[in-house]
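Both complexes below contain chain A, partnered by chain B and then by chain C.
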Partner chain A sequence: MKYIQRLLLITLLPLGVIAPAAESARATIVQAILAPDAAQTRTLITSLTGNPDEVIPPLLEAWRTDQLFIYRHGETPVPVQLTGEKDADGARAALRVDSGEPLLDAAGQPLRLASSGLKAVDHTTSLRRAMKGVLDVFDIVSPDPNRRSKAIQSFGLAQDTTKLAILLERLPRETDPRVHRALREAVALIQLKDAKDEVKLAALAELKALHTLSSTDFLQRALKEAEEKKNEPVATAAKSAMYAVESHRSTVDFLGTLFRGFSLGSILLVAALGLAITFGLMRVINMAHGEMIAVGAYTTYLVQNIFGAGVTIPFFGFSLPIPGMGLTGSAYQWYFIAALPLSFLAAAIVGIGLERSVIQWLYRRPLESLLATWGVSLILQQVFRLMFGANNVQVSSPVYLSGNWTVNDVLLGWNRVFVIGFAILIVFGMWLVLSKTSLGLLIRASMQNRQMAACMGVRTERVNMLTFGLGSGLAGLAGAFLSQIGNVGPSLGQSYIIDSFMVVVVGGVGSIAGTIISAFGIGGIDQVLQQYLPYWAPGLAWVPGIGGFLQNLAQDAAVFGKILVLGGIILFLQWKPAGLFVTRSRSLDE
Partner chain B sequence: MFKSSRYLIAAGALLASAYAQAADTVKVGVLHSLSGTMAISETSLRDVLLFTFDEINAKGGVLGKKIEPVVVDGASNWPLFAEKATQLLEQDKVAVTFGCWTSVSRKSVLPVFEKNNGLLFYPVQYEGEEESQNVAYTAEAVNQQATPAVDYYLAEGKKKFYLLGSDYVYPQTTNLVLLEYLLSKGVPLDNIGGGFRRDGSGKIISAGKYTPFGHTDYQQIVAEIKQFAASGDACVISTLNGDTNVPFFKEYAASGLTAETCPVVSFSISEDEFRGLPADQLVGQLGCWTYFQSIDSPANKKFVADFQAWLKKTTVPGVVKEGRVTCSPMVLSYVGVYLWKAAVEKAGSFDVDKVRAAFKSGISFDGPGGRVTSQPNMHVTKNVFIGETKADGQFKIVKSFDNVYGEPWLKGKFK
Partner chain C sequence: MSNSTPAPDNWLARHRVELGIVAVVAFAMIVVFPLLHASGVVSDFTIRLWGKYLCYALLALSVNLLWGSTGLLSLGQALFFTLGGYMHGMYLMRMIGELGQYKKPIPDFLVFLGWDRLPAFWEPFDSFPFAMMMVLLLPGLVAYLFGFLAFRSRIKGVYFSILTQALTYAASIMFFRNNLLLGGNNGFTDFKFILGHDIQASGTQRGLYVAAAVTLLLVYLFCRWLGRTKFGLVQQAIRDGENRVLFSGYATAHYKLFVFVLAALIAAIGGALYVPLVGIINPGEMQAEKSLEAVVWVAVGGRGTLLGPILGAVSINFLKSWATRAYPDLWLIILGGLFILVVLFLPGGLVSLPARLKALGRKFTKPKAETASPETPASAPTKS
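Let's turn to the complex of A and B:
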């Protein structure tokens, strides 16, 4: 591949696209590193554009990822690159940037250096952008299709006419369909700047066929220009291309909204499932459910720190140091997988403790359980504050949960995809537990008619305890997830408790199927409203008297959407007071 | 009879000694939220004020009098702020008050200070459109934070600007000013994202996207930004506050948007807020303040070191000692105390009218962020810095503007 790359760059030289290297690339990079001010560094790096020297990409990559350091020993500072594995002292092999040879000490032995003792060569966004410009030229022939398409796209978006020749030359040889598409788009975007009408028209036809979102602004500009010049055919072509892009956009928006609705629904579902058990099956209004979620989230935080460098918790005035395992790299990334069962367990244990100490005295007394658990919720929040501080704590996302999967311009964030899959998994797991295990049978028996079950020899007290533990454990799992999406702080639970109750009540108390449907329903409607309210806003003007007010309110889609959802729920409960699915029970007291 | 008169004399002597003691000190109010939602940010300002008083007292105080702080808790409750301000002015008769964080708390205490002719030093970036004779605004005005950031983006070649903020007075007003500023710089209305709200006559009354405090679902907004930025040259101007930054930046990172493709400049995230944010997901995003802890100057190094040393030995209850940083509101509180001290010394009196006159005459102080000078409009001229965030929660300064004059009235000035 390297050979092909070089060959290609050499064949491009006569096109005048790539300037021949006047000075060695290594020397330029060293100069850039040691340059006194940022502007000079940037100019030097930019001057590398088109230089075919193969040492440039790995060096710039090392710079961007903080692998370059300045070694000071004697008069002149020497830029070095640290490579290879760290040894016991954290030191790595050092290569001189100016020659690529190992850095030698006085005795002629290769030196090993630790990054902590050295000054890292720093970089800013504008410098990284300059580097990207240099690397893009290399990336056009990169074996990685992702890098290829990104580089090509940036040429297209810059409408860089000097790159047209390279792109056209690549076009027939590109095999990857996605990169090929990016190439066609880039070529068309650049050709849009052409003075000749027929080229312009061809470019517009191409853009219409591709209908990419990124071409919107360029099409708009072309249309405006054509209209100013009274160029009918170009204006018509631009209009029809824009129409194609717009209809593509509305498809993307629709699918995106669907996905976002599902993901919000899944979050509501995992947050509400535990409540569906404790409130739905056991008739305990557990206001501390949100804090069970927080227990799960804090457990994730602790596990993360135990996998990493450890953490010190100011535990009620004492300092409680928890040592870390000091893992790095991919081993560290497993922390989240380990945190899942642990957060379930932690929340389940806290839940069982709560059941034994408070709730067991309050079965069938919903109002008292509401008050008591609210008190518990306040106590738990204060405990979190004492243990972890009033500030949010940081939970980082593991690599496999960050980033996204883009299908036809619809953005599917990995964390969201994961939460949807996971919600399905827990629902399935819960169905298994409730319907296929003996514990499930006992749970159902005691919840339907406790006295009868007790008469049949079921130890209902124990079943109650385990059921409550199960519900709390599910909340803990929800907390582990929410730590990937939002804040982990003492009041984390407060933001989900209302939503959870809403989902359970709308779904029909005690019905798991209802909980699922209502979670996805509420999530979907919320996202649809957030997406389309601003578009619908102008249409609200007809409402007599308060039209203008509604219009302005609808602009704040996030707030107004929520108001509408709540209003809708109230109306819905007027119509079906018992929720979507009414559970039939044989107990006499209902 | 004899006994009671002896008591009387004793009581009189006690009173006299108390009075004599009072004569050696000057009472100074500290009005911040030490509990409630704002406590996370405002306790840091209380800490730095107490540190400053100790520093001044150790050098002999102001006009030979030791500063005696009267610390009250506004408890993130705006009516309570007004009550506490009344207590400070009418009961404790403080010479000056340092305090308030949110604009709404400042607006609540303003009538109290105007009625009693008190003096308040206000240290946190604010939206402008206010100029009271009873408030010394050491805070960043919009032209000392927001417009320099926009200038920086324009110089970087950005053409599209997405406005996003929390729904309250500071973001709303700032974004309206920025809208006007962007239009004056030739940015067309189509290139400003986030949506507009108009009144009956079609005049824009609000620009940008707003979310409530504590909002967690940024999926839709980030998807919108992604489309907005699809054709390059776009950036986000964020006035989101506190907590909501976490879900926003998590979603932003997950969508594949980065500082290289579409940078975000935030006006409400300083080093202190970073303590609760996933810093590695914000690397390269911009901040704009009149001070950063990373400023490489002897004055700043000394300030940071002195503050850390004070934290170690202080016995004030409730002061967190671990992992502390310094940030712009803290430094502007510190600078405010010294400006007041200089004004008092120039006036030769603690009288508010005389101190104000001295303040307006233009007093300079070389603080950790460089020289600050008070202005006739009760604001302060200072240096402005634009920084890129680093993974350790500090800022790398990429640009600075020297001696920017604080200008509270910006609306209608850009046409």
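Let's turn to the complex of A and C:
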């Protein structure tokens, strides 16, 4: 209570009125309602400033919207709030303002009152202004730190000098470090408007120490103003504060780029791992690999609908109704977990079907397998289009995959963090399967020397089938994840196929470690180029003839960066034609 | 590859049938068909459609020169085709003059992008000879640079295919951008004049068709000739066993680079002829699937032959024109299925069908009279 009183002293001194000490927010409001003159009412309401009681906003709101009335029963007037639906007589439920309890009659039954028979509590413009002042700073004392810092930031950004006193008062009392920082920033921003140079300099020093990204505009304005007034020391301080902010910003940008590079690398890795098996180990060029990814993504879509309201799939004139379980809430959120193994299975089954029907005849003819699987890819794309429509389908993110993490101004999307973790997990899983299981042993044996393995009694046909199924299943698993990051449509696979092949070729065909390194390398370089190309673009002006043209093009960082990456890959293959890690072989034509 | 060995004395005899067919079809396509059009029997639409097929046949021949004769499966031929088309398209865009939507002396899309004068690199395209030179120069240069890098580091087989596809992909995403100042995803369209003639006029369309048909005939004859030279033989040797050729002292990279550039030029010429006939060029034409489609034509027609690719390009596009109208939903499934069937069951393509049928017939009619003569399809490239 003590600090409220001190606060009142600060805020009310200009009025020259000492407010009576209030017992509670409700009591103060009752007093204010019953106060004989408007000035006293206003004083009492203003005295609520800084009171964190949650009842204040709804009561003041009710007052402002004419929901408060004075009920006279005998001598004592009782302020009541009418709420709820009107009944046939126009009467509504009445709550006592002083306690929040229903108003009871003599028999102890809740009373219902009609507003027509009561005197409404009136309000003047100046009273409403006082209420707004109370409500404005109400969030600052809210127990929720997020609400507090948001309110504080809004004062700072508005450079609202009238709020300076209350912010200063809160400063030593704030315990949450994040809110405390926001407070310091807001105070400094407001003080930046001060006429006195020493206050300004102190504020600039504070902003320099805080180097928050949101202060850039204010610093720029302060610098311009100081330069216009030829105020040397302030201008220098503003410059140095701006420098601190800029260097912080470049650190944040760099870390953000690094994170995005990692997450793009993980996406590429997840998409390319299946290919590293089918292309890398089996030497089958599966142009339908992208469609295996799409099978996984569509499976996720189906599972989501089965968990939800169900869906009807049209197919060649038939329509196949798939009933939903109609789950809601947290049970529904589990759909994604259920979709993971199912998308693996679905893609693996499609893959095994593809292997049995087409690829098994083409093991010795890589170019032909490329062409035939491209035919398969066309068919599958059209099948998706017929079954799920030519447009993208909606795959919603479960709560545990949406949202962000902000660490030191660097924004980390949950789904991207998850993809990084997931990539690590399946690389580990794949390593386990390939090196610790008997299936892995058979796979490696058959891939290294098919004839010799067959001589030893390995059923290489079956191993081929299972290996291809494993590679396709991994692609399906990738699809489940990519459904959380990008769009799910019939041409989903097409957008990943070229990147996936690039990753495997650069990494060195047949080398899983190479695939991992090249995925992160390509992802990182791509993101760095996207981030920094616009800064480097002016440097392209020197190129004779097409300098301006290149500059223009480099502004399109996403596309130009991608083109540079592809060009870089071609140059890289000059240096290492077989990719990063070469699998040695005695055969001449490998 | 017994039928490819040079034996000048009986070469004409062995190719009598093929050359006869070519002579008759060429006469029909170059003389009879345009005459029918001039007399009004054949509509403008039909002659434009067939002109388009013939341009695609040029593209197919370029794919075949690489894949059929040299064993290089390029998935980037549509890029060179489109580049040639763009170079010609730039000339045609300049010829619109002030007849565009905005009535400005520069192409509409530039006005739309906020330009008030022509970018410097557009200016020389007012000249037809310059545009024609660029039709050959730009695709040739791109092919030379890419081929030089790829063949120098001995990238071959599927790696080469994947890299050419990546090249096409990179180019297509670039051409889709407005910043390239080449029309973005709308590309070039609404052409008005070519060399002073109204491009929509019947006579102009007929002239363009004849140009495409004559070019196709010339390219066919050129490829025929090339296949008979020593160069053509080295080409086939590279296809059938590159390492042996290399160890025999031939610089295979140079041969491959030459063929790659040559094929790019043929594709570019096809593209340049295609644009005025069809009246539009946009980056959609250079997407990866277009290149693969051209490979389908060659595979279905018969790779390694010269009639096969032409037959494949014309027949599949004819089928496409019909199927996309009759069964729009099923076209891709038909195309994909056709591809799988041809790869699995008919590696020699359509042109090998007569020989296969003959062999089959012999087997049934005289099962014991003669030992089954080994059937040699026109192309049976084996990897050593």
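Going forward, the second predicted complex is superposed on the first by the 446 of 590 C-alpha atoms of A that agree within 3 Å, B and C clash if a C-alpha of one lies under 4 Å from a C-alpha of the other, contacts with A are read in each partner's own complex, and residues count from 1 in each chain.
By our rule, contacts are C-beta pairs under 8 Å (C-beta built on N, C-alpha and C of every residue); 3 or more make two chains touch, one makes a residue touch a chain.
The model shown is predicted, which means the values in this text are computed figures rather than measured ones.
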Going by the contact rule set out at the top, does A:573 touch chain B (first), chain C (second), both, or neither? second
Name the contact category of A:505: first (chain B only), second (chain C only), both, or neither. second
Partner chain(s) touched by A:394 [first = chain B, second = chain C, both, neither]: first
Applying the touch criterion given at the start, work out whether A:367 contacts chain B, chain C, both or neither, answering first, second, both or neither. second
Chain B or chain C, by number of chain A residues touched: B
With both complexes superposed on chain A, which partner does A:88 reach: first (chain B), second (chain C), both or neither? neither
Touched partner set for A:195, first chain B, second chain C, both or neither: neither
Is A:107 in contact with chain B, with chain C, with both, or with neither (first, second, both, neither)? neither
Quick check for you: in the superposed arrangement, does A:377 touch first (chain B), second (chain C), both or neither? second
For A:530 in the superposed arrangement: first (chain B), second (chain C), both or neither? first
Dual-contact residues of chain A (chain B, chain C) 552, 555-556, 559
Touching residues on chain A, where the partner in the complex is chain B: 38, 122, 124-126, 128-129, 132, 154, 157-158, 212-218, 220, 249, 256-257, 260, 263-264, 389-397, 402-404, 406, 411, 413-416, 484-487, 489, 495, 526-527, 530-531, 534, 548, 551-552, 555-559
Counting only contacts in the complex, chain B reaches chain A at residues 39-40, 156, 160, 167, 190, 195-197, 199-200, 205-206, 210-212, 214-217, 219-221, 223, 226-227, 230-232, 243, 246-247, 250-251, 253-256, 259-260, 263, 275-281, 284, 286, 320, 388, 396, 398
Chain C contacts chain A in the complex at 73, 119-121, 146, 149-150, 152-155, 157-159, 161-163, 165-167, 169-170, 173-174, 176-177, 179-181, 243, 288-289, 292, 295-296, 299, 329-333, 335-340, 343-344, 347, 383-384
Report the residues of chain A in contact with chain C in the complex, numbered from low to high. 285, 358, 361-362, 364-368, 370-372, 374-379, 381-383, 385-386, 494, 498, 501-502, 505, 545-546, 549, 552-553, 555-556, 559-560, 562-563, 566-567, 569-571, 573-574, 577, 588-589
